[in-house]
Amino acid sequence: MKKIAFIGLGNMGLPMARNLLKAGHELKVFDLVQSAVDELVAEGAKAANDAHDAVSGVEIVVSMLPASRHVEGLYLGDDGLLAFIRAGTLVLECSTIAPDSARKVHAQAKALGIDLLDAPVSGGTAGAAGGTLTFMVGGDGNTLEKARPVLAAMGKNIFHAGPEGAGQVAKVCNNQVLAVQMIATAEAMALGVANGLDPSALAEIMRQSSGGNWVLERYNPWPGVMAAAPASNGYQGGFMAELMAKDLGLAQEAAQLTQNSTPMGALALQLYKMLLKQGKGRQDFSVVQQLFIEPEA
Amino acid sequence: MKKIAFIGLGNMGLPMARNLLKAGHELKVFDLVQSAVDELVAEGAKAANDAHDAVSGVEIVVSMLPASRHVEGLYLGDDGLLAFIRAGTLVLECSTIAPDSARKVHAQAKALGIDLLDAPVSGGTAGAAGGTLTFMVGGDGNTLEKARPVLAAMGKNIFHAGPEGAGQVAKVCNNQVLAVQMIATAEAMALGVANGLDPSALAEIMRQSSGGNWVLERYNPWPGVMAAAPASNGYQGGFMAELMAKDLGLAQEAAQLTQNSTPMGALALQLYKMLLKQGKGRQDFSVVQQLFIEPEA
Amino acid sequence: MKKIAFIGLGNMGLPMARNLLKAGHELKVFDLVQSAVDELVAEGAKAANDAHDAVSGVEIVVSMLPASRHVEGLYLGDDGLLAFIRAGTLVLECSTIAPDSARKVHAQAKALGIDLLDAPVSGGTAGAAGGTLTFMVGGDGNTLEKARPVLAAMGKNIFHAGPEGAGQVAKVCNNQVLAVQMIATAEAMALGVANGLDPSALAEIMRQSSGGNWVLERYNPWPGVMAAAPASNGYQGGFMAELMAKDLGLAQEAAQLTQNSTPMGALALQLYKMLLKQGKGRQDFSVVQQLFIEPEA
Amino acid sequence: MKKIAFIGLGNMGLPMARNLLKAGHELKVFDLVQSAVDELVAEGAKAANDAHDAVSGVEIVVSMLPASRHVEGLYLGDDGLLAFIRAGTLVLECSTIAPDSARKVHAQAKALGIDLLDAPVSGGTAGAAGGTLTFMVGGDGNTLEKARPVLAAMGKNIFHAGPEGAGQVAKVCNNQVLAVQMIATAEAMALGVANGLDPSALAEIMRQSSGGNWVLERYNPWPGVMAAAPASNGYQGGFMAELMAKDLGLAQEAAQLTQNSTPMGALALQLYKMLLKQGKGRQDFSVVQQLFIEPEA
């Protein structure tokens, strides 16, 4: 069992940290929200006074923060954590951030002899709670082998995407494809229904045909097709449209650095930003369905 | 065993007719290309002098033609086949055409007591040859039950999409989703590779994650990821870009009639037309990958 | 002065016919809406019983109808007007329809020795009332010279766009550019204002710079920038979004026939169809501004 | 006459500095490219050893650099110019950069009592040479009045766009509209010509109608329509596609910060990045025409 610092106890970080506790690890936790800290302390974690306190004396650091600026702020600079962490420490940076930010943090970690992995996740809060997250990992393969037992306490699928930053790249590529096929599926559902097709029949045909995709398997955006999907529950729960917009923005940021053209991904981002303007950012991302149908009276 | 007229012996029609022959049916065949007719005659079919000759005395008519105008021209009008076919005959119209054209042909068939189904297929020439096509069928459910044994000689999956024209609607919805997710996958592959990821590693991560889709399962557009995919064979074989452009055009035509907004589908069509302008229309539709990478020296 | 039949007395046709009356021509008018007929009769026109009655004995026929199907229905077929009009008659078909429909009507007119022009207009109801329409004319140049005095009674700018159907092509090309630059302007206005710029200042800078366009000159979509623009009057009046959607649809229909790729035009159509789904189809087309801002509380 | 430091003597900066010399100002110039410095020294400027040397003892600093990172690198940080420039100095930052970068530089200048304006230009190398640039200026209005005589030596139109950064915002808004209307015009030209219209006739009709825009006035993308336009000269000269792609990227970066949806602008960027992948980045931005036509044999 390891001594682990866990920084960032939000909707994702809290249940991830809990799974590490359950697996028997010794945790020092930190978050600006005291109630999240208290919750884990009640379950056996130690509270750290601040991020520097959290990392002192641990073998492993895990962080789960909202955005690139938080991660760069936490680790980089004269007062950043990397300047305080001992060489040889293993850092698992699980936030979803710009690949370029991840590479900056990697570069400084490497210079200081710290073993860092970018390891963003997919699977949402349900995956975090159930310990069934997917990790997409960028960095050294040997480091990943060292990290694997710890990651396995939080997730089910652990992919080595490639070198430094590759985890973030794989994440934004995956989520961009997801967003586009969500929208494409929503367009097709609306078109079919407008032409008199039963939504469930159409969904099933496409699912079993060459239009098949993860959205049609698990997450149909048309209300009533899948009882457990957010679409059938007022587009509540699931993965918020504003988070999808964030990930699509990271994809575009990455695409700019390499001058990649991604017309579908770019259009998906614009459509999600339209939804956000309509006040639907905190609904599940399948709410994009509503762009293509008349609002109910 | 049935007496069947088969009209339209192109790349798809010829192997479909052959599978009916193999199943023991008695075939009268017609096509403007004599060599296709001769080929089937050598295998036991009878040659018809023209379409009217083909349908005289049969119980079932199957047609497989290139476009709406051919189908309307064949069946409708004073000299069209419907005016000559006996009431009670079963007509399986397998061409991929505009839903609205299909509905016109249905309407006239219904008025004359002819049992017609629109039954477009997916699965390509390989599916046609192997008898593993997918049929998406529009029309009366009882008529479909009558037709099922004949369709089963040509295909594996037979879906009842809904009422008249619904087969065509399901087909264009499916193919629009397919085109969009092909392009989205191609964008993501190019973005990942430009960021240093191994294409096979990236493809595998997305395939198993929420970006998963039929393209990632069977038909990756990046050369070398799947040995059997057209992308690994110079984008030869498979489903031609110009046929995908045709289907996307049918989807847009349908979307106009119901005033449906389909931004992803519309953009997919424009990107395919760009490819056609570049002279790539007769390559497999995964050649869209090349819009997103630098041409090789 | 000429004997003229005028068929189609809608929002555009009625004031156009009135201007012909004012210019001293002798008019026989027909429309399915009796009140429109009555109005012109009160001003000196003769009422025709039907379209065939309208064209009997006249030298010139003018038609102004909603869509391709109405125009094809009026002129073509055994019972169509072309079969009844005398050779040598001049037909001015002013509806905005698919170029391909215009070409069909031209072909039959030519075969019968009737001098036909496709002459769609721009300028809206204000231009129709004021006699300041722009005519974009397709067909023979000599025929246009014969028609010019009549057209001049209804419009100010008369352009010879080219051969048969070219008037319609020019119209859809123009309106597609207009729609795209309306949306582009709306996007830029919203972006600038979100960044703290005064909308009038931004509008003026772009108007005088390389972003300058007709929308910035006459028709700014941001409320309050131009007092007379529909945007400053609750998006009432002007050119309805659903009519712009119609014209964008005609452009896409034409682009399909020649396999032209028009990504901006296609996207404009989808955005307008989104607006229509939101119930804004009968507001001025500058209401597209609202896709890019938060709705007011 | 003023003592002015001019930093950045590229294609734009060099002729701008020359116009300041001609107007009688005393110039200290700096660039990493010695030949550019030598050229101006031969015309009366003094060479500075480095940027810090350039700004010592001057009343006004003008900078013209390629991108945000150069501007931030020049002015910000412990060793940046702002730390060395005396309070009261007037700084005219003419580079085209991200509005957010401009705001950072403004904030530091303000804290130090330095009068800074963001003053990006349009008008290209011809405008720079002829002293006919357009300046879009962000910052304090009184500062602009102080700067006006200097700006007037380099440009003709001087717009006050608004507060800090507003010059950059106006510039990216304008150039985004420009890019979109360039592409829209190119689409329309290709569609019209494919339908048999004469390109000059079509261009003239749209120019005088509601499709009219700056591109149709000055810069038609169809070869041969305007003899002086880059399109008629092999798409050489003018404003390079890669620079337009840069500006569209800045617009998207700004749009992300305010979560603005700009579907047309986003698509324009993707189409330009496609062109860049095809190796056309150093041709004039009207070369986007070639996306919509078949390449010549």
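Order as written gives the chain letters A, B, C and D; numbering starts at 1 within each chain.
In the analysis below, contacts are C-beta pairs under 8 Å (C-beta built on N, C-alpha and C of every residue); 3 or more make two chains touch, one makes a residue touch a chain.
What you are looking at is a predicted structure, and each value in this text was computed from that prediction instead of being measured.
Q: Among the remaining chains, which ones contact both subunit A and subunit C?
A: The common neighbours are B, D.
Q: Same or different for subunit C and subunit D, when you check if over half of the residue numbers at their contact belong to both copies?
A: Interface between subunit C and subunit D is built from largely the same residues.
Q: Roughly how many whole angstrom separate the Cα centroids of subunit B and subunit C?
A: That gives a centre separation of 38 Å.
Q: Subunit B to subunit D: how many Å between their CA centres?
A: 50
Q: Could you say which residues in subunit A touch two or more other chains, in rising order?
A: Only 255, 260-263, 267, 271, 274, 277, 291-292 qualify.
Q: What does subunit C use to touch subunit A in their complex?
A: Residue positions touching the partner: 263, 267, 274, 277-279, 291-295.
Q: If we count contacts the way the header does, which residues on subunit B are in touch with subunit C in the complex?
A: Against subunit C, the touching part of subunit B is residues 245, 249, 252-253, 255-256, 259-263, 266-267, 269-271, 273-274, 276-277.
Q: Would you mind writing out the residues of subunit B in touch with subunit A in their complex?
A: Against subunit A, the touching part of subunit B is residues 99, 122, 134, 136, 157, 159-163, 165-166, 169-170, 172-178, 180-181, 183-185, 187-192, 194-198, 201-202, 204-206, 208-214, 217-219, 251, 254-255, 258, 260-265, 267-268, 271, 291-292.
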